[in-house]
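Next, two complexes with chain A in common: one pairs it with chain B, the other with chain C.
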Partner chain A sequence: MGYTLNFSSVWANFDSLLWGLVLGLFMAVCAIGIGFLIGIFGAFASQSKSPWVRGAIGFYVSILRNLPLLVLILFVYFGLPQLGMTLGRLESFIGALAIYAGAYLIEVLRAGLMSVPPGVVEAGRAVGLTQFQTNLYVVTPIMLRNALPAMSSTFISLFKDTSLAAIVAIGDLTYQARKINVETFRVVETWTVASLLYIATCVLIAAGLRALERRYPRF
Partner chain B sequence: MSEFLHQLTLSQGALLSGVQVTIYISFLSIIIGTAIGLVIGLVLTYAPFLARLPFRIYVDAIRGTPVLVLILAAYYVPAVLGVSLDALSSGILALTGFCAAHMGEIFRGAFQSVEKGQTEAARAIGLTFPQTVRYVLLPQVIRSVLPTWVNTGAELVKGSTLLSAIGVGELVLRTQEIIGRNFMTMEFYLVAGLIFLLINLAIESFGKYLERRLTYA
Partner chain C sequence: MTDTTSTALLEIDGLHKRFGDLEVLKGVDLNVAEGEVISIIGSSGSGKTTLLRCVNLLEEFQEGEIRLEGEAIGYREVNGVRKRLPDKDLSRQRSMTGMVFQSFNLFPHLTAAENIMLGLRKVRKLGKDEARAKAETWLGRVGLAERVDHHPGQLSGGQKQRVAIARALAMDPKLVLLDEITSALDPELVQEVLQTVKELAAEGATLMLVTHEMAFARDVSTRIVFMEQGLVAEQGPPEQIFGAPKHPRLAEFLGRSRT
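Then we have the complex of A and B:
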């Protein structure tokens, strides 16, 4: 053993860790935002009468959920330029994470959609709302509320997945931690602080979403 | 296209060895991880608060940390503590620790869903706690855990790709090496993606098969 803890070099670089964390949160928010739109459209489309549409959604979900995120990120960042689509680091990472998020959110929101009681849809139609209005004002809020617990864990795991940005040299928290680790050799301290920052952020996200769950009672 | 096929035959061996390493890592970490996870699940459900506490902290800490961070920490930390691990062992250590925490939570859920009356009845007819676990709890718990367990297997196959970051020669690293030789970036990432897809779809359909076999009305 004989290892003495010395956090000073980690504290000296603490701001770069925090900025890395902010960047990670930013990427997560962007990817989840886009993925959420994919999820809502995909969930409704999976109820479509056309077997082609349902098949396409099922195909998308099962491919993306079974593909390692790293392979997807590397493909988008290094592979797509070969087709003439050159994206910046950040754009390609957010894009890859968004497509990945979309597949998971379709699954989660579809389960939420299935849990909407048919009675309220019929009631919506009976009071004269169009199909679209029923979906927008009646079905969607209930679907979102019922899917909230599952969405929370998806959001948290997507936030954790932003750590993969370090592999394509985006300066997120993991990247900064690795840099401090290599530059200062304060190995134990660096990884302890980095993972505590991740844990704290996950706990905060979870607490926020749980507060949201309490605020809106389950339908 | 013929150039691609030529390159594909050239890189066959590398891809195959990558697949072997990927499967080896995933298999080892899910087996050891599940065994530890079972113990964690038992402790989290039945142990008194103070004994539970360190396990609770372990599970929450691991689950709140990205797998990549776990892998990097398992790669860099042991060396300064005087334990020397090669990249493959640190990677397996990290994935095992991750799997153990996840399975621990899954087992806890499954143990808690068994009615309390059953453990009390087992006590009443004179079974010791290990016997209760063996004859009363496990048969039910295994049944309810199996589908999730198979999913965890697919997650581990996906997680094993991150070991490429510390230089373990699994499928992604092998693919990157091949691409470094022939510059067919898109083609070979597609090949790698396809192989992962096949592995995980096989695992998924195995899971669905188990679920059909094991659900009872």
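Then we have the complex of A and C:
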């Protein structure tokens, strides 16, 4: 083959890769944070007595889950300004990822909600807690704990999905790697280092979430 | 024999409960005075558990009235239309009665003490230290002083049920409802729970229990209520009910329970 690996030009630009990674983590944390709120709200709303509320949640989930994320990102970034909503590229990407995350987290948290034993909910009511207090102090902690394994894999997927930000020219890890690739032609070296950074980060996130699962036993 | 004086703590008048087409309670009348220990017996499907659940407002009911200390619970009349009370009122009324369930239903994510403290803090609005002290006192009274910071997963069935009893009693309810509280326990754990109930009865708590433990019911109760097909078929002091049952179905039921 005769290809000689030379990482020196990648190391010279390593700090831009790391900053790209930090930006990706930042976008993931923002999107997951907002998506998580959508998820909790949507999971409880999906238990609503009103068929309209349940229908609205079901509609949201099925639209977002059947739409490729890349299409959603491009739609929000290029489409919304045409409709009169101008967002910065970072805001538009985080927004797109958040509503996408929300749809998946509604499903994950709804499964967690179904796992809460009905008797425990009755015990909360019997003590005299209002429905809201029962949801807050009894149902939510049990739901979150039981949904944790499924939430972990969703979080990791969402972090990996931040690589799509490169398509709207946000300077994340993938964008920076492509830049180094184009400027130095060190294709194999650049993408090897970028891949290892993604893998290492995901492994660390997974380990952290598993430690959390061990800390709080399942109910 | 039946206390139907105006001093009744709990008054149930003509209670009807339907699940769809199935009528489970067909006009139950029952009064409970303060300090009474009432055991409700009867075969499965007679409506015993449903009756307790109506008193604790965990079930809706279609006709009749339940009054606790003279206050109608669960419903009010607005312009002649019967309406379920809003959640806030239901919660306040529920907190006047304590409920202990067959399957314990402890909050699995909270320790024994925290299980008791939740209601004290959020419903009774006690401060953290006061709630903790009260929880510890009650766990001590049910013999679980050593288990204060254990989670339900680390407790035996009998211990869980005693925590559940402490959780109900710590709220200082007017009336405690105990729904087949030993039915899910291993036989060797039944006695420790029954002993706890006996002590509460001796201290003057007003108890209404659904039970299949006939010897215990006879021993602890001031009155036995026999339910049959959604109605109170016979009631009276234990000696009368067990010694000289009048209702033919009661005699038959007791005969089967002894074997």
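In this text, the second predicted complex is superposed on the first by the 219 of 219 C-alpha atoms of A that agree within 3 Å, B and C clash if a C-alpha of one lies under 4 Å from a C-alpha of the other, contacts with A are read in each partner's own complex, and residues count from 1 in each chain.
Heads up, the rule we're going with is that a residue touches a chain if its C-beta (ideal position, glycine included) is under 8 Å from a C-beta of that chain, and two chains touch if they have at least 3 such contacts.
In this text, all values refer to a predicted model and were calculated from it rather than measured experimentally.
**Q** With the two structures laid over each other on chain A, which partner does A:Leu72 touch: chain B (first), chain C (second), both, or neither?
**A** first
**Q** For A:Ile142, decide between first (touching chain B), second (touching chain C), both and neither.
**A** second
**Q** Does chain C touch more residues of chain A than chain B does, or is it the other way round?
**A** B
**Q** For A:Ala123, decide between first (touching chain B), second (touching chain C), both and neither.
**A** Second partner only.
**Q** Just to be sure I read the superposition right, which of the two partners does A:Gln133 touch: chain B = first, chain C = second, or both, or neither?
**A** In the superposed model, A:Gln133 contacts chain C only, not chain B.
**Q** With both complexes overlaid on chain A, does A:Phe59 touch chain B (first), chain C (second), both or neither?
**A** Neither: A:Phe59 stays clear of chain B and chain C.
**Q** After lining up the shared chain so the two structures overlap, which partner does A:Trp11 touch, if you call chain B first and chain C second: first, second, both or neither?
**A** Neither partner.
**Q** What part of chain A is shared between its chain B contacts and its chain C contacts?
**A** The answer is that chain A has no such residue.
**Q** Taking the complex as given, what residues does chain A use to touch chain C?
**A** For this pair, the touching residues of chain A are 117, 119-120, 122-131, 133, 137-138, 141-142, 145, 216-217, 219.
**Q** Of all residues in chain A, which touch chain B in the complex?
**A** Residues 1-3, 62-63, 66-72, 74-75, 78-83, 160-164, 166-167, 174, 177-178, 181, 185, 187-188, 191, 194-195, 198-199, 202-203.
**Q** Chain A touches which residues of chain C in the complex?
**A** The touching residues are 56, 58, 87-88, 91-92, 94-99, 101, 103, 105-109, 118-119, 122-123, 153, 164, 167-168, 171.
**Q** Give every residue of chain B touching chain A within the complex, in rising order.
**A** Per the stated touch rule, the residues are 60-61, 63-70, 72-73, 76-77, 79-82, 154, 157-159, 161-162, 164-165, 172, 176, 179, 185-186, 189-190, 192-193, 196-197, 200-201, 204.
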